[in-house]
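Structure, as C-alpha cells:
Naming follows writing order (A, B, C and D), and every chain is counted from residue 1.
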C-alpha cells in the first residue's frame, strides 16, 4: 500500500511543481490584466474559474500563485537548513565554549513565540516577499539547530564512530560517512513535515497584508482580496484556500510516509527475544 | 521542588531583560530610521531640519546605551513612549486591547486541551477502529487547513448562510465561538496526533507489559500508568503550541474584527511605529514565558527524573 | 506429592507466514525448577509467552493445549497462579512511579493486602538492606541487581504457584549470577515451581531439577539433572555439552571448581 | 610491546553547583606485555576494565601515568599520529551490532580500515575482503548483506575481520564474547585460537568471565574497584589467589 500511496503523493507534488515552473505556458491569461467590464464573470469556457473583482482570470492567478508559494516556502526551508546545519554541527562537534554560546543564541530565539517573532522581523525589515522569507526563516532555524546538535551529539557517542576512529578514519571521513548521512536524513524528514506549517505562516502573513503585497498573484492575498465579496462570490475565496490545503496536505503526507518508512529501516531486525506487541 | 520553582522564577528577570535589549537593538538595526517613520506618520514632509528636530525630540541623537537606559527606565514604569501614529501612550492603547487577545488565546488553549487529549486517547485505545480512522482524518484536515481560510468558511456557513452566529465584532458569547474554533483547529489537530502516538508508544512499553503479566487490571494500567507517562510529551507540546495560539490570535482578531491587539499591531507594523512594536513584543513574550514556566513546573512535578537529576 | 501444575501437550504456534513452535509437550510440577535451555531464537521465550497467554499480536497458537492445574487459562490466574521475573529489570519498572506504588498495585490487583512492614520483611529476606528507602525511591535510582531482587520479592509476596524467570542471569557477571541462582533456589524452598529460561548450560545445570533443551522451535530433549551425561542424550544436547567443555579445557589446566568442571 | 606505568584515572564530578566529589576509577595500574604473549583483565562489572581499555586506546587521557605502545607514548600523539598506532592495535567491542554503522553492508565495514591505510584498487580490496571472510569462516554470499540482517555471531566475525584487515600486532577484545550464546562463544574462541597461531597475534582480553581469559591468555591481571588485586603468569599457574578471585572461578 505504501508504494501506491507514495506514487499518488509524488505525482500530486509533480503537478504542483510543474504548474509553478511552467506557469506562463499553462495559464491562459496574464494574471495581472485588469478587465473591469468583465468583473465576477461566472465559469465559462474562456475563464475556467471565472474572474475576480477586478476582472482578472482566477485560474491563471492560481497557477501563478503556486509559483509564489513554492518559491517562498523552498527559499525559507533552504535558509533554515543552511543556518541550522552550520550552527547545529559546530555546536555538536566543537562543544565547549562554542556549544554554550550558540545554544544561548538559540535559546534567545526560542523564548519568542514563532509567529509573533515573524511579525516583529517584518516590523523591522518592512513588508514584502523577501522579508517574509527572512522573517519565517529566522523564527524556525533555532529549533532545527537544536535538533541537529542533539543528533550530532548522540551519533558521536555511538560505538561505530569510536570503532571508525580506531580503524584510522580521519575526523572528516567520520563526519561525512557516519554522522552527516544520519543528520541529513533526519533533518530532511523534519523539513518536509514542516514545509506545510511554514506555508501556512506565509499565507497568514500575506492575509494580514504584511507579506506579499496586493497586486501579486498569491493565494493568501487572493483570499484577502476575496474577503469583502464573501456574501455573493464565496467561490473566489474557496479556490485559493483549497489550493493551500492540497499543497500543505501533500507536503505533510510525504513527510509522514518518509518518517514511517525511514524509522522502520533504522529499527534493527535482529530477533528481539520478547517481541511484545500484544 | 520549591527550590526549583524559585530558581526558575528568578531566572525570568534576566530573560526579560535580554528580551527587551534584543527587541530594542534589533529595531535600531532595521533599515528604517525612526525619525523618518515618525514624520511619515504625522504627515510632515521629511525635510532635513524636520528630521533633526524630531531626532532631538525623540532623543535619538543620544549615544545608543543612554537611549536604551532611558527607554528601559520608562519601560519599568510601564511607559513605553508615545505611538508615532496616535500620539497616545503606546502601553495604554495596548492594554485596552490586550485582555481580549488573552481571552481568545486562553479559551482556544482550553479548547485544544479538551479536544486533543480525549480524542488522542480514544484513537490510541480503539486503534484502527472507525473512531480511530475518523480521528486520524480530523487531524489530517486540521493540520493542513489555513486557520484564516477556515474562519472564512465558518463565517460563510454560520453567519451568512444559516445566520445563527454574528460574523464580526463582539456582540455576546456567540461571537466568541467561531474565533476560538478557528484558532484552536490546527493546534488541537496536531496535539491529538501527539497524544495518540505517545499513548500508543507507552502501551507497548515493557513496564506496562510487566504489570499486565502480573495480573494488574487493564484499566489501572491504562488509567494510571500509561496515562501519566504519555502525558509528559503532550504537556511540552502544549507549551510550545501556546506560542502558536498567541500568534494565531492576531490573525483571528483581524479576521473577525475582534477588539484585540491584532488590528492595532498590524497597522503599527506597516507604519514602523516602533514604541508600539516594542511594547507589543515585550507583552506577548512575557505572557509566553510565564505560561511556559507554568508548563515546565507541571512537567517537573510529574516527571521525577528531572527532580532527582537522574 | 508432585501435583502437575502446568501440562503442555502438542503446543504449536506461529505467524501466518511461518511456524515458530512445533508440538511442544512437557509438564511443570509443584516445587520443581524446570529449565528451558536453548540458544537465542530457539523459541524458548515464545513457549513462555504461550504459557502466560501473552503471545504477540501476530502470533497465534495453532494447536495443542495448556492446562493450569487441569483447568484452562483464565485472566485472574495472572499474578495469583502464575507470575514472571523479566530480563534487564531496569526497563521493567515504570520510571514515573515509585517502586512501592507499583508493588502495591500488583498486590492489590491480586487482592493481597499491602502492608509496609510485611513487604519490608520480604525485601530483607532477599538481602535488600534498606527496604523503606527502596519502596519510596524511583527505578532509575536503583541498580539492576536490586531491581531484580525487588521483582523476586514481588513474585514471592504474590505467592503464585509458578514463577517464570526469563534470562534472570544474562545481564549479570559471574558473582551476580550466583546470587540470583541462590535466590531462585530459595523460591524452590517456598515450594514454588519455577520455569527458568536461559541460554547458559552452566546456570541451568546449577539450579534446575529438570532441563528441557529447545532448538529451532522443537523440544529436542528433556531429562533430569543427573541424567545430563547419560548416553541417550539428543545430538544437540551433546553439542551443547561439547561447546561447554571446549570453554573449560584451558592451557592453565585449572580445575574450575565443582560446577564448572568438565562434564 | 605495550607498557603502562602507574595509570591512575580520577573522574571529578565538578558540575557547576554540586560539591566536588572525585571518583577514583583506576589506581596506579602498571603492566608490561611482550610481543606474542596475551594478557587478560578479569574483574567484576565496574572494576574499571573498560576505562583502562579506553586509556590504552588513547580515547581518554589518564590523570597520571603513561602508556607506551611500540615505543610511542600514546598520550603525546595528536589525532592523526594516533592513526598509525591503530594500525598495530585493533579493537573488537562488546555489542557487535552497535560497533558497526547500521546502514553499511559487510563489505563497507571491512573495507573502511583497508582504505585508510593502503591504497589498493577496487578489486584488490575485494580479494582482501573475500579471504578475510573465509579467515573468519563467513560465507561469501554474506558480503553485500546489510549487517543488521546478520546474527550476533556473524556480526562479531565481521568485527574481527575488520580488525584483522590491517594485520594488527595486538587485538583488544573488550567483553567481545559476553553477549553471545554458548555455542557461538565456543566457535569464536576456536576461531580466535586459530587466528592467534596464524597471524602471531597477541590478545588483550577484557572480560568478567574467567573461562574465556583462561582459554586465550598467558598472563592474568585481576582488577577489583580500580586496583590490581592479583597477577598470575601461566608459568607459575594460579598460586594463592585472593578470595574474591577464587569465587570468580566457581559458579
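Assume a residue touches a chain if its C-beta (ideal position, glycine included) is under 8 Å from a C-beta of that chain, and two chains touch if they have at least 3 such contacts.
Note that this is a predicted model, so its numbers are computed, not measured.
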item	value
Per-chain CA centroid nearest to the all-protein CA mean	A
Chain whose Cα centroid lies at the greatest distance from that of chain D	B
Geometric centre distance via CA averages, chain C-chain A, whole Å	53
Euclidean distance of C-alpha centroids - chain A vs chain D, Å	47
Centre-of-Cα separation between chain D and chain C, whole angstrom	33
Overlap residues in chain D, where contacts from two or more other chains coincide	151-152
Per-residue multi-chain contacts in chain B, two or more chains	206, 209
Of all residues in chain C, the ones touching two or more other chains	40-41, 54, 86
Parts of chain C lying in touch with chain B, wherever the complex brings them together	52, 54, 76, 78-80, 83-84, 86, 91-97, 102, 105-106, 109-110, 138, 140-141, 154, 158
Residue ranges of chain A touching chain D (in the complex, touch as defined)	158-160, 162-171, 173, 177-178, 181, 266, 268-270
Contacting residues of chain B [partner chain C, same complex]	205-217, 220, 224-225, 228-229, 232, 302-305, 308, 310
Parts of chain B lying in touch with chain A, wherever the complex brings them together	15, 18-19, 22-23, 26-27, 29-32, 140, 143-149, 152-153, 155-156, 160, 186, 204, 206, 209, 242-244, 246-248, 250-251, 254-255, 265-266, 268-270, 272, 277, 281, 284-285, 288-289
Chain A-touching residues of chain D, taken from the complex the two chains share	57, 59, 79-80, 83-84, 86-87, 90-91, 93, 95, 97-103, 112-113, 116-117, 148-149, 151-152, 159, 162-163, 165-166
